[in-house]
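Next come two complexes built around chain A: one with chain B, the other with chain C.
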Partner chain A sequence: MNNRAVQLLNRNPYLLSLLLLIIMVVINRALQDNLFEIGPLNGNLRVFTPAILVAVGQTFVVIAGGVDLSVGAILSMTNAILATQIPQDATGDVFVRALALAIGAGLLAGALNGFGVTVLRLQPIVTTYATSFIFAGVALRILPEPGGRLPRELTSFWRNPLAVSPDFALPMSLIVIGLLILFWVVLTNIRYRQNLFATGSNAEAAYSTGIRVNWVKFSTYLFSAFFATLAALALTLGTGTGNPRAGDQMTLPSVVAVVLGGTRLAGGQGNAVGSIIGALILGLIGNIISFANLDSWVRPLVDALIIIAALAIPGIFGVMRRLTR
Partner chain B sequence: MKAISVQVEKAVKTYGGVVALAEGNLTVQSGEVMALLGANGSGKSTLSKILTGVIAPNGGQVLIDGKATSFGSPQEARKAGISAVYQELSLIPDLTVAENIWLSHEPIRGGFIKWQEMRANTQQLLDLFKGLYGTNLQPDALISTLTPDERQLVEILKALSFDPRLIILDEATASLDSRQVNRLFELVQTWKSHGMAIVFVSHRMEEIFRIADKATVLRNGRTVGERVIAESNERELVDLMIEGATILQRERLPVVDEQKPVRLAVENLRTNVLRGVSLQLRDGELLGLGGLQGQGQSDLLMALFGAIRCEGQIVLSGQARTFHHPRAAMKADVALVPGDRGSEGLLLIRSILENLMLASWSRYRTPIAFSKARADGGQIAQELKMVMSSLDAPVNSLSGGNAQKVVIGKWLLRSPKLLLLNDPTKGIDVGAKAEFYNLLDRLRDAGTAILFYSSDDDELLGLCNRVLVLHDGEISAELREDKLTRENLVAASMGASA
Partner chain C sequence: MQGKSRLMSVLMIAIVVFSLGLVTVSAQDEQSFVIGISNSFVSSEWRTQMIQNFQDTAQELSENPDLGVEIELVIESKDTDAAGQEQQIQNLVNRGVDAIIVNPGDAEALRLALEDAVAAGIVVVSIDQEIDGEGIVNVVIDQTEWARISIRWLAETLGGEGDIVLIEGFVGHPANTARMNGVEEVLAEYPGINVVGRETGSWDQATGQQVMSDFLASLPNIDGVWTQDGMATGVLTAIQTANPAEWPLATGEARASYVQNWNAILEERPDFKSIGVVNPPGVATSGLMVAVELLLGREIDPEQLGGPYGNTLYVPIPYVVLGEEWTYTNMDGEETVLPSNLEEIYTEVAELPESYTLDGELTLEEVEAFLLPAS
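This part shows the complex of A and B:
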């Protein structure tokens, strides 16, 4: 590989994940003929959306040099709030109030994480692992067992594709993904982005340049909690019900998606669009495994191989750089 | 530019029980270049960091334009018009040159960064040093891809981008070449004429006489005087830096036996920091390395130990050697006692015995002869007069001095022929130091060749027959016998002629 290609990949590590995504789509298409028809497309993307949202939130924390292991539990908690606060006969008012309550609870959870990391100066991994038990406990307190039923109008609004014209419909989740990309593009053009990357790259230098490093770190936990709450909303609308353990299997995949997307686990480099791609890859792997009629034990194995490969990418880059020098 | 006058009065800074600054005074105003001078640990950096709001003083006050001010953060100092070029660079490796220079004050419109304008402004700043840097230095280049001198230039331009009324250049010339320094000095003259105030911290006496109008001298955390450069000379400033310091009573040192074999001969050794160092060391000689911190002393020791890459010739015990790994150096009976015990020398939570044996297990075969190892460990602990509850106690239960003995003991167990000491007495108490000096004497008498870097001039004066003073990666002076005086040591460490 020549020097320019290496440099291009170095600057835009998510290009590699894009390639991986295309490969996954091709394999998936080979196994599932109707993948691109609106029905399966809509269904797949809708199922992937919560993981995408959690991964986007996680990106902020990882870029700033931390990690949030409580996102799954925050998702469970806010999922439980939404499912219990929105009865089957809920009006628009009730829905908005429930949503506000869930977002408030999510942000409070994020603030607790931020407090632990910036004020108590605990390790992010320890802080968020510990708080995840608090949030998981709260979820079970609110909703001891899976249950709740959302109004049909509400869930179908989310489940059905948006008809743009009589013969063209757009999955709602695709609109969400578009909005997420737009959000990231806006963010990369404001000062916050500079402060975020500076903090993750070299916090001490950032501090002496006048950046309020603690505020930046604090804010990343608010972002991850906020996006976990949005993920809970997507999940609640998708399933139409609540599950206090909904987020149990969401946390580590979000970190994997972030790394797959080219964000450096040590902080200072990263991209939320890459994380979206990473989450899509993980989702497609699940699809492929179920369509290929592989035994269920294969899934963790494949996941593990992907994680190892993703973590090895920066090292491979390092080796390539040395060889091309 | 609005005129500025800054006064620091009786500033104090302590860390726990350690006094970094006892009484810092400094006055500087528009159109003036004030040099800040002092030996290692005299408080120069602390004083300049108080001015820039990085450190909050425990006492005293800072007056800006006659008004008492206290900066809670670097940002507040910047608002008052003070910015600094730091010695430890404040650049973000993963951001570009333009992003670094404008970090925290990016040009924005409606919240959005104006990238074009930012790039153009950066290019304008870079043009100040036009023709004096490589093609690699572009507004869009990542900092991590730049050379040290290019980073230094970016750091200077970053400080300048804040349009300061007072700029602090803390060792800003350290990694620049002479043409870049010349250009910087031209710029300093221009800034001066525009009414900027400049505080200039440098270890190069020659530069101070070229650029500064006045000099403030610090000694042991106190401001001891201010001089007008035009009415002063090198000797007077050096005297101020050391005046009244206690002269250690030197015992008569044993004369080096010229018959003893040359253990180590180094010819033109180069690393990133070292610029050609040559030396010779005989068995039974204790050769000192002096100079201000970071002039290449650690690099020299690490290079000899195979821990960093180097070029040049190293002849050890009569054989030309190149060590690519400390393991190879250890096999050739070289030992290095590192300066930073905590991070380089010890496994803090493991037992004293384990730490002592870390480098020597191979001598106890497989399966390890533990009782023999324990006996040897006990003997060395006794020899070094280690104060401990037992050999099985963890190292972090020991005091600093005793922990350092473990590091030394670890290497003595291998009975090295060449012992490299990298500021070994840093942070240990007086009693432990005295014992350590006795140990050095014994090792020397036993014929070990010792290369000894110390940041404490008294140690070098009291223990060594011969001291090499490093300055900017080169040996600026070799001092021995009558020439080995405190005055000469300090003068040489500032690059002045002895």
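This part shows the complex of A and C:
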């Protein structure tokens, strides 16, 4: 029995993350009675959505053996574009044009990263760290000071839960999470998935079996930039405004969420659903600390300790597995 | 004998019951409020003092028999971005607090979250920065006027002529923008003053010192420097270190470190001049008192509201630190005589930690003046 559980977890490392998420939800619920009421549920998921989207994009790069440190800056840049291109009296086609512009700029940024890694053959960590300053600079050029105000209809559409029936409403962010899971399930059933995983576990072997490794790597940076742009959209609709530094604190948490979700930093193994779970765990930790009535000066310490513990659990599990063998 | 003791016990019980009744009555008279604080920037002495002011004021108001309130604070304070501060605010709303007092890191990005809080029946007060939002009350000092005082002092003391440099705070931060507007308004009246350099010192003493050192090296003949609190001690240190033949005239800050340094410099250079305009962390106290009055059902006198969005209560700037008397003229031409008070203030702060910011807050009576008469 024990062995069976070990095998199951071995094959699906994100199950451990799911267990962790359930623990976090239980603790949060114990501290906060109204956690599952529609208001708090909607608010929490909405605030977590940008981080979830960035983490999903980061997963692609990490599985292929890289890392993207420019996602936060891409988010800032596209947030600045959306906030400046959607005025308060914007009509539908103005919004669509602004969105197209933001996605175009985001993909261009991703292409630049991909170019650096695949053509110039620079280390991903160095490439994306360097380009992050370019994108952050562009963000400041477009929007030097926080500002811009979106039409209220747009922000309300995203901020308020969708009323399915008079007594049932669905948070918009839950729909987004559902679509993300669907997207990953579809992707894992096409050939791209095998190419992605093969590139991450052993690029040379993959190359010798005829996989166009460079194109796969290049595509992962397009994915991460695209999802960072969607994150910017979620943030812009949520706050109704832009901030040229909006993504400053989004990059490293996205890597943490990916790892919490069971994706291996060395590449070749991982799951975007796990990253969604990882981002939710990080968000809930913030809530738990807030509701635990801790002194404000111990909060960063407790925050860090919980994250380290969460990251260490798969490692402890690995040690146990070796001992039981 | 037995009858007497029975009577006694009945009496005793009656007394006990009666006094219990009194206790419950007085407990009912006391209204308890839970007030949430949201702060997104920790690494500053000013903010530390602000949080301390909240805690002290909550206790004082709870002990004030005239108010009859019991205040419990829930403090959400960490270095975070706008998304993180929105989470702070949401958690406070979900806790069911009666009021939220926020020092916003991004005045625009929190507007919708705070409007939701107002819609949920929560009293929302923004301190230090003004927010344009339905039902939100801002309690701030007038940052533009704050800057006008020191720049006018600099321009007048220079005799309306000379080259100066400006060292500002975070570019794009609402308070910095308001202050720099004030500087430009006043300088427009002094065509003889030339701004030959402008740089940010990021409201950080070390950065301010570095920027000033660079200015002294590249522009050795400047006559004056205008800077803000949080950087002025660094700027003064740079001047002391470079020690040019003639020191440029520098604006200062109302912090213990600066006043201590000012006093020490005067012993060697009796002609040294500076100015420190107080930017009080006590605005926290004033904001908390306004929130409590609103929770008690009082209403703000609409005539007291002003500011760019028409929802601001301006707390007066408490005082100005000066080595000699000076008459300040505001934009409307009204004159105020500001007394020489350096010696007096030095004796107050000589023993205080260097990071202490000179403070001031409204009294309850002054807060009353913002409100409509109690019905």
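The working rule: the second predicted complex is superposed on the first by the 300 of 325 C-alpha atoms of A that agree within 3 Å, B and C clash if a C-alpha of one lies under 4 Å from a C-alpha of the other, contacts with A are read in each partner's own complex, and residues count from 1 in each chain.
As a convention for this text, contacts are C-beta pairs under 8 Å (C-beta built on N, C-alpha and C of every residue); 3 or more make two chains touch, one makes a residue touch a chain.
None of these values were measured; they are calculated from a predicted model.
Enquirer: What is the contact status of A:Ser254 with respect to chain B (first) and chain C (second): first, second, both, or neither?
Expert: The answer is neither, since A:Ser254 touches no partner chain.
Enquirer: Just to be sure I read the superposition right, which of the two partners does A:Gln269 touch: chain B = first, chain C = second, or both, or neither?
Expert: first
Enquirer: Looking at the overlay, does A:Ser173 come into contact with chain B only (first), chain C only (second), both, or neither?
Expert: Neither partner.
Enquirer: Touch test for A:Asn113: chain B only (first), chain C only (second), both, or neither?
Expert: A:Asn113: touches no partner chain.
Enquirer: I want to verify the contact counts: of chain B and chain C, which reaches more residues of chain A?
Expert: The larger set of chain A residues in touch belongs to C.
Enquirer: Considering only touches as defined above, state whether A:Ser290 meets chain B (first), chain C (second), both or neither.
Expert: second
Enquirer: Pick one for A:Thr78: touches chain B only (first), chain C only (second), both, or neither.
Expert: A:Thr78 sits against neither chain B nor chain C.
Enquirer: Residues of chain A that sit at the chain B interface in one complex and at the chain C interface in the other, please.
Expert: On chain A, the chain B and chain C contacts do not overlap at all.
Enquirer: Chain C touches which residues of chain A in the complex?
Expert: Within the complex, chain A touches chain C at residues 32, 34-35, 39-40, 43-44, 47, 50-51, 144-149, 155, 159, 235, 238-241, 243-246, 248-249, 283, 286-287, 290-291, 293, 296, 299-300.
Enquirer: Quick one: in the complex, what on chain B touches chain A?
Expert: Chain B reaches chain A through residues 52, 54, 73-75, 78, 86, 89-95, 99, 103-104, 106, 108, 111-113, 115, 158.
Enquirer: Enumerate the contact residues on chain A facing chain B in the complex.
Expert: Touching chain B: residues 189-191, 194-195, 197-198, 200-202, 204-211, 268-269 of chain A.
Enquirer: What part of chain C is in contact with chain A in the complex they form?
Expert: Interface residues on chain C, with respect to chain A: 42, 51, 74-84, 86-88, 90-91, 93-95, 106-113, 116, 171-172, 177.
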